[in-house]
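Read through the structures below before going on.
Shared between the two complexes below is chain A, which pairs with chain B and chain C, respectively.
This part shows the complex of A and B:
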């Protein structure tokens, strides 16, 4: 492990750039995936059968397919249809789909856990279904969903390590690259692991804090 | 007799159109018939109490009046708005009907993420398109009327059950309804807190509000309501002036029910 301490200074700038890319993919996937997930959750509980089934198909494919398959599909598969993505764009596209599919289920569960009496009280005053959703159900349902969504965001950050498989120079790829060049796989991967931890542990603490606040 | 006098005598003698008219109402959940050809009228300013054993269809009937449950068949007319349930009424018609009826629920159903004032103001802004200040002024008036203006800035969880139900009454009144529907408003409250809600309801009745009240409060049914309807198995088994029905029910089923609740 001495190598770790000796080389940390040399390797860190390289790994740091990888970490920034991992965080970039995470943020972009969340920015695209969460609003899509929100729309899909409304689709899944829609009264229109066509909208419901359409949304369900997108969600079930996104949840059913492993992220690695989605990544490879976007990067290696889609070019044969004429759609060529850079490894960054393919990563964001695939992980946005995953995010949309999983977060839609988290949001749907949140919305459906708002007691029926809440919508009934709003509808009984003559408010439209849309207003009832906007002013009564959404504010309560999203508040319930937030801790789980934050937890999911951490999971997506960890999932970015799979982008290694489509040649995105993110944190794991860079650690592996250092290993290939120096044969020092163990210290390089350990250092990458510590960097993941440096993001995930504080983030988990924040989620716990939000959870506790939401519960009170 | 002058023409004017003749006209006024004529209008007094003409039968007044009831404010609420329900006819041939039917509702089933799967193979279970919950309401079976229900007919009744409620006049302007009248208080109707609906009593009966659990599962008799009282709450479903109340919820059909404002289409929180959609009846399978039948007609409902409320202050000039008439809906034929069999003809699949549109959203617009249903909203029109709901605007005319205020509803108070057993479990209050206040919005927990809003202050008391916001609870009372929300529908005024969205449905009546009142401005924030107009709505809040009206809300404060109503909260004052139910004795809770000092709670306006609090959240509902800081209020007792009785207070929450009084806020719910203010919220329903905020839309200037023609009729108030009460679905067992005191059933979730201990007797003492129930009393404060009943006293607000009594005042409303005295002020001439038309009310339909599903209740287990026999004293309220007898002393405040003008008419009592007893339901069992989805049918009206007894209906008439409250004193008469409560003291001298005709059917054996109604007698059994009233004995049971009084002997409790």
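This part shows the complex of A and C:
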């Protein structure tokens, strides 16, 4: 373990750049995935059967297939259709799909937890369906969904480690690279593990604080 | 395509073995971890809580690398399969402990008090009173977790366990038909999770019928 302390200074800048890339993929996937997830959640509860089944298929494939397979599908599979992605674009595409699929279920659960009487009352007072959604159901439903969405954001950050498999130089890839170059796998990977902890532990504490606040 | 599918399916037993063994480790080790998590000694509670957070905050792939390359590249050799089972088993122990703990919260404390007031031995209280209810309450969460574990087992392809995703990768490189190969393997994973969900619903109904309400 002594190597860890001797080399930490040399390795940290390299790993730090990897961590920034991991966070970049996380943020990009959330920015694209969450709005899509919201649209999918509306699709799944839509009254039109075609829209409902279409949205359900996107959600169930996104949740049912391992993220690793989605990543490899985007990076190794799509080029045969002529769509060539860089490893960053492929990572963001695959993880946005994952995000959209999982968050749509979280948002749907939030929207459906708003008592039906709320929207019935809004419709009875003459509000249009769109206004009922916009002013009555959404503000309450999204608030319920927020703690679960934050928890999911941490999960997506951890999932970016799988981009190792499609040669994206994020945190895990860089720790592995240091390992192969120096044969110091244990200290390099330990350092990467500590960096993941440094992000996830405070984030987890914040999420449980938000959860506790939302519950009271 | 049939040939490719047959090659990919060679990985199926490995995927099932990694998932089932890791789940079994979690089901067994999760119990003592959960008991330590709600021990009467604050230091043990804190220690267990921190360990659970530690295990869950580091991505599975990093755990597998730490075990396979970190520990396994020294004097202590470990096969990819063993490393995957140990790593995934470690992770599922931490998750199962939290699932058990959540389920235990839903069992009324009067149940335990009543059982011990009747003179039941503490071990019998756990086996005859708490455990049957605990498993019933925990079952849906356990099924969700098992399906998640099945998908996470794909990560073991990165350390060379010849499971589904590993075979898919090899086929995609050999045939340059990544599109078909990865669509097929995704369909296999989805098909695998359907029976687990179905089995959990049946088990749930049976356990409900057995234990009152």
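The working rule: the second predicted complex is superposed on the first by the 216 of 216 C-alpha atoms of A that agree within 3 Å, B and C clash if a C-alpha of one lies under 4 Å from a C-alpha of the other, contacts with A are read in each partner's own complex, and residues count from 1 in each chain.
By our rule, contacts are C-beta pairs under 8 Å (C-beta built on N, C-alpha and C of every residue); 3 or more make two chains touch, one makes a residue touch a chain.
Just so it is clear, the model here is predicted, and its values are computed rather than measured.
Asker: With both complexes superposed on chain A, which partner does A:172 reach: first (chain B), second (chain C), both or neither?
Answerer: second
Asker: Examine A:145 and indicate which partner it touches, taking first as chain B and second as chain C; both and neither are also allowed.
Answerer: neither
Asker: In the superposed model, does chain B or chain C contact more residues of chain A?
Answerer: Per-residue touch count on chain A favours C.
Asker: Contact-wise, after the overlay, does A:131 reach chain B, chain C, both or neither (first, second, both, neither)?
Answerer: In the superposition, A:131 contacts chain B only.
Asker: Taking the superposition as given, does A:191 touch the first partner, chain B, the second, chain C, both, or neither?
Answerer: neither
Asker: Check the residue A:55 against both partner chains and state whether it touches chain B (first), chain C (second), both, or neither.
Answerer: Neither: A:55 stays clear of chain B and chain C.
Asker: May I ask you to decide whether A:122 touches chain B, chain C, both, or neither, giving the answer as first, second, both or neither?
Answerer: First partner only.
Asker: Thinking of the overlay built on chain A, is A:159 touched by chain B (first), by chain C (second), by both, or by neither?
Answerer: Touch status of A:159: second partner only.
Asker: Give every residue of chain A touching chain C within the complex, in rising order.
Answerer: The touching residues are 60-61, 64-70, 72-73, 76-81, 158-159, 161-162, 164-165, 172, 175-176, 179, 183, 185-186, 189-190, 192-193, 196-197, 200-201, 204.
Asker: Which residues of chain C touch chain A in the complex?
Answerer: Answer in residue numbers: 53-54, 56-62, 65-66, 69-71, 73-74, 151-152, 154-155, 157-158, 165, 168-169, 172-173, 176-179, 181-183, 185-186, 189-190, 193.
Asker: For the complex, give me every residue of chain B touching chain A.
Answerer: 66, 68, 91, 95-96, 98-99, 101-103, 105, 107, 109-113, 122-123, 126-127, 168, 171-172, 174-175
Asker: Taking the complex as given, what residues does chain A use to touch chain B?
Answerer: It is residues 115, 117-118, 120-129, 131, 135-136, 139-140, 143 of chain A that touch chain B.
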